[in-house]
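Heads up, the next two complexes both have chain A, just with different partners, chain B and then chain C.
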Partner chain A sequence: MRSIIGRNLPTYFAALLIILSLNFILPRMMPGDPLMAIYGEEALVAMTPELKAFLLRSFALDKPIWEQFFAYLYQMGRGNLGFSYYHSAPTLEVILGRVPWTILLIGSALILSTTFGILLGIESGWRRGKPLDRSLLSGFMALTGFPDFFLGMVFLLVFGVSLGFFPLSGSLTPYSGLSGLPLLFDMVRHLILPVSALTLGHMAGTYLLTRSAMVTVLREPYILSARAKGLPERVICYRHAGRNSLLPVVTRTGIWLGRIITGTLFIEVIFAYPGLGTLTYEALLARDYAVLQGVLLVVAIVVLLANFSLDLLYARIDPRIQHAH
Partner chain B sequence: MRGRSHIHSAISLAILLFFFLPQSIAWAKPLTYTIADTTGDWGYPSPHRRYPRGPGYLRMSFIFDTLTWKNEAGEVIPALAERWEYLGNEKAYVFQLNGNAKWHDGTPFTAEDVAFTVQYIKKYPMAWIDPKIIGKAVTLGPHTVKLVLSERYAPFLINIAGTMPILPRHIWKGVSDPRRFGGEKALVGTGPFRLLDYNKAQGSYLYGANYDYYGGRPKADRIRSIKVAAEMSAAALKQGLVDAGSIPPDLAEDMKRAGFRVIRAPYGWHLKLVMNHRESPLDEKAFRQALAYAIDRKGLVEITQRGHAMVGNPGFVPPDSRWYNPQAKPYELDLDRARRLLRELGYAIRDGKLSRDGIPLKLEILSQPGFKEVGLFLKEQLERLGVRIDLRSLEAKTLDSKVLHWQFKLAISGHGGLYEPSFLKRAILDEEFNSARYRTNQELTRLVMEQQREMDTARRKEIVFRIQELYAEDLPNLPLYYPNWYWAHNERIDIFYTRNGVAIGIPLPLNKLVFIGKEK
Partner chain C sequence: MHISIRGEFRKDTFGQAGLILLMATTALALLGPIAVPYNPNHQTHWAFKSPSTFHILGTNHVGQDNWSRLVHGARTSLLVGFSVACIATLISTLVGSSCALKGGLYERIMMRFVDGLLIIPAIVVLILVSAYTKPRLYLLIVLISLFSWAGGARIVRAQALSLKDRAHIWAARSFGGSNWYVMRRHIVPDLGPILVVEFIHSFRRAIFMEAGLAFLGICDPARVSWGIMMRNAIEYSYMNVWVWWLVPAGLALSITILSLAFIGHTLEPFMEPRLREHVDA
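Moving on, here comes the complex of A and B:
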């Protein structure tokens, strides 16, 4: 495990440095005053000369570019992502207020899409060519053509607007007076449509990959040995074939995590879900660059961390990885 | 006999109770009014922490009052000040304050609070209020205050007295960081509502009525403002989840058919064709006029806005404003006249293309993603005139920056705040990207400055009328259209747009008078 960490850490560190550099360079490449590019137009309304001088000093905006870069890294290291004049609050505080809702949305979608994708992929691969496999395969093939936000819009129009089964927006009913279990149910009701859209949008990929891995694994000699040993079908299907089909799925989940996060941004806007996606959209409309850069940085770091965790998980699932190279 | 009359009385009482009690219970049921908002969060509704946008101001205005306010017709009416007088020789306003007004914590409101607010804003600036306009505030009695202006300022009663929220001295005197000041005390105002809850992440606000409000008992016991996606407001209204909300123009007729009342905002925002009048060929007035004659603005509204807009007035002021001058040059579509003007400038037309001294006339239009169709329409119109057009779409900020630094020929851009004529100075003379920055015509420059200082409304109107004529003649920019903005509501409360916008000019139908039984 240590060798894996040692081997991968420099790569992740380099990626982080590149992300930080991009985040540093982009606002400075924008036309006009860099202070305005970093803090947005609102800064001009609210900023006093003293505050302007302080901000110029703290981000060394009056210094050469390399000094600015080190000042920027120092501020990032201290967790200072800047100040949003639109929100009248530190950027990190604004972002952290929205993170739990996005985690809830992504977490639920990721767990559901991965679990069901794997289970259906294993079952489908196991019954290759049978009616269940054929219907699942054609169903999911069709589903891959639809982006998650399109599914979200369809679900919202059908189940929210036309049928009125689910709420139209938000993550809970404001001022409903609910608490405890009813509040939990209310939150789940608000979660069902966005999570379903995200889950269906991403389940197809997991399913197709698991199924194809399963089909390959079932041809392996050790499956024949397992059968020869007289092991029960379920044990061969899940413990021998299924587990070995997981490796490409884990890799894919890591790669797709970034895509799920970007997909969530659209889904949140469609359902007015109060997470990072809606925050990004609002920041775009209000030209709140401090928040935009903050969100980009936080999302990039989360994706890096998730990929790193998956690297570790990968090594656990397949011990051969630890001895590679 | 007495026993029978008792029985009769009991039966009559029972019948009365049966018929009237349920209704009386219904009357007693608090009225909660729900507003759908597409953004949701507009900041903590204190004067310094609200977001510096219209909806943020309105959410604060439910709690904090100003000296004056506007009614539905846009007239200045009393709020914390019962009456006022302008002392021309002193350049000062004397306000007689409402002796019945109280802060939410029960403390009486006095002239000291007004004087304190002026001092406080000078030290800790508040968005939209220019503290330099007030020279000083002098208390002349417990309920009399004199505000001395540093210079004559015509829109004082609207832009300052009608926009500056008055702070309670007994609370704010110890506050040195208003941008971080929160909690119950930070939201003690004199307004008709108190904040019961604010949820930043959910973008929701809950207000409760202040039944001791000096301006009348609030009609709504509670106001909820909740976040609803823009595309869903109409569905939320139909499902009875909200009472009012903005709707896309294309849904206006559908909502009317569904039994909702649809109201249109007075025109206060415009899209314009920005012209670089500092560079050839747009530095020639006749050239700019030729372009205006060549653009079918009515067609532009019909095609790109599906009719949901008012054709731009070349004189700038929206046609539904009481300051609008219908005599300003209208620039109806006239391609022959446009070509004649260009020929007089030395342009020749060959194969339908314009050129001067053998150099083909070529112009670039900078557009923004939101106005793609407008850009295409203008390209087609100007190419019909014979101008070769390069249409380039830029992100809004990049476009603004290019306009600010005069790195453009033509650009499509827009801005609001077209209600109070003080916008003319901001939009014609001031050095910002939204301004034409046009000082070539000395009479126009002088009049724009003068209207700002003219305290006599009739005389000011004459000046504003003349400005429109001059603006339309010189045409530094060409207003293209004023878009229609709609709200729909279920008539539980008769909400209205304020002519000339709420306070400084906010084009939303959430004037707090809507929720109290005060003059409409």
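Moving on, here comes the complex of A and C:
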């Protein structure tokens, strides 16, 4: 168990270093006064002299580049991600305010797409070559081509605009004064379209991987001995074959997380869902560089933490890893 | 590797469909601009027109012909996809095989760097970099390439590691062949099929990224892109114009990505010959 974590930690460290250096170097490569390069012209006009002096001091912008780098790392470590001129608040505060919505969106989509992807993959692999398997396989193969943002737009236009079943944007009905159960219902109603688009966009990968793992696992000798013991089909399918087909899915989920975050970003923009994606989009339009940098850092940290927890999970569900040493 | 590309395609209907669709899109991109009736950037006062014999797919909010824009969009998508695939495959080959051949500290540092790049969501990084640099088409191609070679480098390295201990490479080494010579004459030619698969995958990812970034407004203002068409169209979602404005652009994008996904899936056995028996559905 220690081995897989020990092996991956340097990778996470490298990823964090790449992001931090990118955030540090990028604005400093731009021509002009460092404060202006980091925050942009619009921001500088909107800032008070006190704020400018504070930022100059805390990020050591008038010092040599090495001192700037250490000052930068120190401030990041303290959670000072700079100041968002557009929201006129500290960047970290702005970002953390949006994070729960994004987590709600990604979490629901991840749970749904993984559950259904795995279940359908197991059933499909079990019935390989039968009509159900064939139609599922063709359907999911076709689905891999549709970018999730196009699915999102079609959902929005068909179910939201044309049929009017679901609200078009946001996460809650504004000024509705709801509370308790109706509030929850309202939240779910706003969540359905974006989550369906994301789930559909990401289920295909899980499905295809589980199916192919299932097909491989079903040839293992222990499946034959399970049959020889006379175990019921369902038990062989789920407990013997299914459980072992989960492993590749868990390893891949970490890599897919980055893709789902990308997908969420687009979906949020389409549905004006108030999460990190919409924040990024607003920051892009307003040239609020501090927020863009902050979002990148926060997203990277979330992805790394998620990968780390997946390593822990992997060690728990693969018996071979626990006894490996 | 005794797998023939033709053989794989002959067995696989998905692969055939992919090839046909990709060829159709490419033909459209190459020949289309000669055949389309209008300049895609020419604005007229005929805005929001429904499809007619003059405008097959109607016109957009500033009176540009949607069909002409669709065809010119194919050019941008395929140009970006193709160029990124070339650059990314080149970097993957260089990094992957040099890691396998050199080994040691160089390999360990590079592979950590590669894994780090793989974990970070590329689009978020590209948004930040583009916000600073405001890229034109060629810079955009370079930027997308810089964030899409890492996966390929891993695969190339794994393959090159198994190649480098074969007898003919030891023979080349015993005659004094340098790392560079061995890589050029023996490793890279043997990597062929794997590089083709990587090329197709980077092609697909690049098209997706270009459209996604254009949808967010990061694009060369001088180029027509499917992403921009969708971005413009979604702003008029309350009108019923999206049927012949947004949907064709989205479908064209999906079909192109789909065709590459099918081709990639058909060629997958080159990466993992063990898969061969499994893919037949």
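In the analysis below, the second predicted complex is superposed on the first by the 304 of 325 C-alpha atoms of A that agree within 3 Å, B and C clash if a C-alpha of one lies under 4 Å from a C-alpha of the other, contacts with A are read in each partner's own complex, and residues count from 1 in each chain.
Everything that follows uses one rule, which is that contacts are C-beta pairs under 8 Å (C-beta built on N, C-alpha and C of every residue); 3 or more make two chains touch, one makes a residue touch a chain.
Bear in mind the structure is a predicted one, so any value in this text is a computation, not a measurement.
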Chain B and chain C placed together on chain A: clash or fit? clash
Q: Go through the superposed model and pick first if A:E282 touches only chain B, second if only chain C, both, or neither.
A: first
Winner on chain A touched-residue count between chain B and chain C: chain C
Pick one for A:F271: touches chain B only (first), chain C only (second), both, or neither.
first
According to the stated criteria, A:T251 is in contact with first (chain B), second (chain C), both, or neither; which is it? neither
Which superposed partner A:P174 touches (first chain B, second chain C, both, neither): first
Quick one: is A:G97 in contact with chain B, with chain C, with both, or with neither? Answer first, second, both or neither.
first
Looking at A:V161 after the superposition, I want to know if it touches chain B, chain C, both of them or none. Which is it: first, second, both, neither?
both
Query: If you stack the two complexes on chain A, which partner ends up touching A:N80: first (chain B), second (chain C), both, or neither?
result: neither
Once the shared chain is lined up, is A:I18 touching chain B (first), chain C (second), both, or neither of them? second
For A:T216 in the superposed arrangement: first (chain B), second (chain C), both or neither?
second
Chain A residues where the chain B and chain C footprints coincide 30, 156, 161, 168, 269-270, 285, 287
Chain A residues touching chain B in their complex are 30-32, 42, 45-46, 48, 86-88, 97-98, 101, 156, 160-161, 164, 168-172, 174-175, 269-272, 274, 282, 285-287
Chain A partner, complex, touching residues on chain B are 38-41, 43-44, 48-49, 51-53, 125, 127, 179, 197, 199-204, 206, 224, 226-229, 232, 235-236, 239, 241, 396-398, 401-402, 404-405
Listed in rising order, chain C residues that touch chain A in their complex are 14, 112-113, 115-125, 127-129, 131-132, 208, 211-212, 215-218, 230, 234, 237-238, 242, 246-247, 250, 253-255, 257-259, 261-262, 265, 275, 278-279, 281
Listed in rising order, the residues of chain A that touch chain C in the complex are 10-19, 22-23, 26-27, 30, 128-129, 133-134, 137, 141-142, 144-147, 149-150, 153-154, 156-157, 161, 168, 212, 215-216, 254-255, 258-259, 261-262, 265-266, 269-270, 280-281, 284-285, 287, 289, 292-293, 295-296, 299-300, 303-304, 307
